[in-house]
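Two complexes come next, and they have one chain in common, subunit A, joined by subunit B in the first and subunit C in the second.
Showing the complex of A and B:
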């Protein structure tokens, strides 16, 4: 139940945040995020010093867009566990233990940075903007329509499921999960309700002139700002990828301190 | 089984994107050929259904744990493999884009691992093949379990290959594989049982919703029960009565082997127990070596073939009747005990 509530809340939150006046074009957002993720995963497995510099993108975005760190940590947690699970053998099987620890730490950092970048992207882009970006990138219209429809009926079906689960729990208190004897009828009923609903949806859509695809209308985006956003961030990410920022900062600090002495 | 971006190198992620994009392109092409406007809304709502169904915890009997649904096999069994694949892409995209479940760069790999095998191996190969002569509860159960196990085994194998090809983990291939496959065998079994339960429910309530039902599901068997019995009886008479005349006189495999070792196909047996068994057999065998006792003739072989078939049928029926008799008695006692 809590999981369903959380999912519904997440969808509402994503919709609400995306309704903010966002003047940057979604394709610019998508491009910057993909370049950032590619840059992150392209680091060598022992290059933790260089990888650490990529945190600057995350920090700046979080401060700029006032993203809740608490929510972000909740998102990162499962990926953190997954990367730890995959990388836990590295200290044992790598060349040396210290090399293994380094490669494991790099793997964990990569996982955290990638999820955070995706999270930042999608807290600022609703499904409508995503679909618009996908259409511009020549994704098949069928797929975009499926995405839009899925999003539209996700909350309806989740609420339906929540009601069914509540009814089930009231009749079977203290039971963990759905009893195997009711697997078929419970999920099957949800499925039948979904299909019936799909039929009603289709009928009403036809009455409104549906011709097989949804039209995703462009919104008003600031072209100059969008291009500037993409250009500045792409250059910054490439710079972070090439230059070890923290090592350079450390060297600069030492130089200043030495000059002072 | 959602992979994170960190588990893939850009080269492997790009390759998987290309593979998934090709399959998606093929599926879109097939859907466009169908030209069924109603299918797209159904796919959208079915995607939402799978997403909602993934939120349900299914308690696994005897373990105290619970399992979840992946859904690609179920979608294929309802929508068909191509439509199921596109719907699964939608589900995985929503999970990735809205819930950060599975990485953006790893989306291509996740589509391949979780949607391709379920839809094209589970749906297009296993489901289609097993349902080609009509549907039944047993077939649905077998296809669902087999399809889900195959899907998860191949998916887990792909995850292992992709991670190793990316050079992410230092785990040796064998150890990684040994860690991945058995757990996904258990998960596949649970997923198969859940899928089977739902599809059997659907088969009993609204069978027309299942994929291929109109084409093959309602096909009646070509012969009635009586027709099958008649064909079998005629076949037995023809084979036993006529074709038995043309049987080879050469020794069979065992006899040939014995002849190679000892130089003869008939071994001499000594000892009391062998003599006793021989005597019993000489009394009971009315048609020794498939001929009359008095001499070798074609009529004896034909008669042996036919009478042998009849005796086998009578014996089988007798055994079935005896089993039914005891089951009825046992069942009655059980009921009485309950009452």
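Showing the complex of A and C:
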């Protein structure tokens, strides 16, 4: 119960914070994230040292925007788990065990970096601004609307789940979780109820002039900051992609130590 | 010319199960009409027809002189507000301000005008202090007032209310009645709360099994015990003989 309530609260809080805090244009943010993901994905499967350097982007973003790494891991650990599960199968398909382990680690890191970058984008921009940016980049209106409404549907689904779970718990005291016999009807009813509710929410949106795009006001964004933000990050990501930062750091440290000796 | 005109309207959700039969209603500008009837009488369906949430009806429905057809829906919806029975269906943004601003923003007003419209709407329902409140932290009464504000910010000429007093405590209910009475717009209020209808509506339409049984002055209809009981309703509490309950 409390978990669902907290999840709803978190989604709203993320929406709220992102609405207020941004002067960087969402297109800049989105472009930087896309470039980062492309850069991460483009690493060779055995180039783990180079790939590891990409963690700097995540760390800097988290520190800059005060995103708690602990909270982030807590929220997206199921995706991490999925990435690990996919990666674990890799040694079976690769030529040798050691190469397989190496490519597994690369695959897991790639998955984690991509998910984390998307999480940072979402928490900082909010779904509305992301969709606005996607529309500017000429993504099909239908796809963007579906993305937007899925986000709304998630909240509706959670609210219905909270109500049904409360009703269940009150009539099944002492029982831990749902009895397996009720799973089918519970999930079925949850879907039916949430679809009905989502339909009403959509009606309400339409009655207030919604035509597939949430309105965002471009005048709030600072053009110079937005361009500078995109430019600096693109150069930084490119540098991280080309130069194996950690290897260079290691070499530098050794050089310093040797000089000292 | 009437703001709302329905002539010979029939509607069924599925073949063979007609929900509305030969509905004829005319609502003059600035009037407040009560729509009463037992559960399943067709009140909510009738309201949905007026804003084009359902369009496959038979007969004629005109809102502000425009037939309710797909091509006119944008115009009609701009001038007609609909307050849902369940406020949770109406409020979907994170804060009150964002939700109330949703309509004006969609109609392309600048942020400055949007802000003005939002503040005016919030002042009309006396919740300007809740501007930045997160929706999920609000009480039922506050949500209802916020729902009304979301409609008022679009400055509609007609407002439709579906069970506005449902789940409100007496104080919030009284507050809402005061707000409804202060609104100059043309209004249709669908409700079981006959005391509220008595306090807010000059005229009333009684629906039963999708048919108009009676329409006229609210007081005349609501004091007719026989008529109300015949259609599964009861006299408003204020008209009931209290001694029978003691």
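In this section, the second predicted complex is superposed on the first by the 176 of 261 C-alpha atoms of A that agree within 3 Å, B and C clash if a C-alpha of one lies under 4 Å from a C-alpha of the other, contacts with A are read in each partner's own complex, and residues count from 1 in each chain.
Note that contacts are C-beta pairs under 8 Å (C-beta built on N, C-alpha and C of every residue); 3 or more make two chains touch, one makes a residue touch a chain.
Only a predicted model underlies this, so the values are computations on that prediction, with no experimental measurement involved.
Student: Contacts for A:197 in the overlay, against subunit B (first) and subunit C (second): which applies, first, second, both or neither?
Tutor: It touches subunit B and subunit C both.
Student: By the touch definition at the top of the document, which applies to A:209: first (subunit B), second (subunit C), both, or neither?
Tutor: So A:209 only meets subunit C here.
Student: Which of the two, subunit B or subunit C, is in touch with more residues of subunit A?
Tutor: Larger number of subunit A residues touched: B.
Student: So in the superposed three-chain picture, is A:148 touching just subunit B, just subunit C, both, or none of them (first/second/both/neither)?
Tutor: Touch status of A:148: first partner only.
Student: Could you say whether A:8 touches subunit B, subunit C, both of them, or neither, answering first, second, both or neither?
Tutor: Once the two structures are laid over each other on A, A:8 reaches subunit C alone.
Student: Between subunit B and subunit C, whom does A:55 touch in the aligned arrangement: first, second, both, or neither?
Tutor: neither
Student: Can A:176 be said to touch subunit B (first), subunit C (second), both, or neither?
Tutor: first
Student: Can A:136 be said to touch subunit B (first), subunit C (second), both, or neither?
Tutor: neither
Student: Should A:245 be classified as contacting the first partner (subunit B), the second (subunit C), both, or neither?
Tutor: neither
Student: Could you tell me which stretches of subunit A are touched by subunit B in one complex and by subunit C in the other?
Tutor: 152, 197, 201, 205, 210-211
Student: Which residues of subunit A touch subunit B once you look at their complex with the stated criterion?
Tutor: Going by the criterion above, the answer is residues 3-4, 7, 10-11, 14, 33-34, 37-38, 40-42, 45, 75, 78-79, 82-83, 86-87, 89-90, 92-94, 100, 103, 107-108, 110-111, 114-115, 117-119, 121-122, 127, 130, 140, 142-143, 145-154, 156-158, 160-161, 165, 175-180, 183-188, 190-192, 194-195, 197-199, 201-202, 205, 210-213.
Student: With touch defined as at the start, can you tell me which subunit C residues reach subunit A in the complex?
Tutor: Touching subunit A: residues 51, 53, 74, 77-78, 81-82, 84, 86, 88-90, 92-95, 98, 102-103, 105-108, 111, 134-136, 150, 154 of subunit C.
Student: Going by the contact rule at the top, pick out the subunit B residues touching subunit A in the complex.
Tutor: Touching subunit A from subunit B are residues 4-10, 13, 24-25, 28, 31-32, 37-38, 40-49, 51-53, 55-61, 64, 66, 69, 78, 86-87, 89-91, 93-94, 96-101, 103-105, 163, 167-172, 175, 193-194, 196-198, 200-202, 205-206, 209.
Student: So in the complex, the part of subunit A that touches subunit C is made up of which residues?
Tutor: 8-9, 12-13, 15-16, 19, 152, 155, 159, 197, 200-201, 203-211, 215, 217, 219-220
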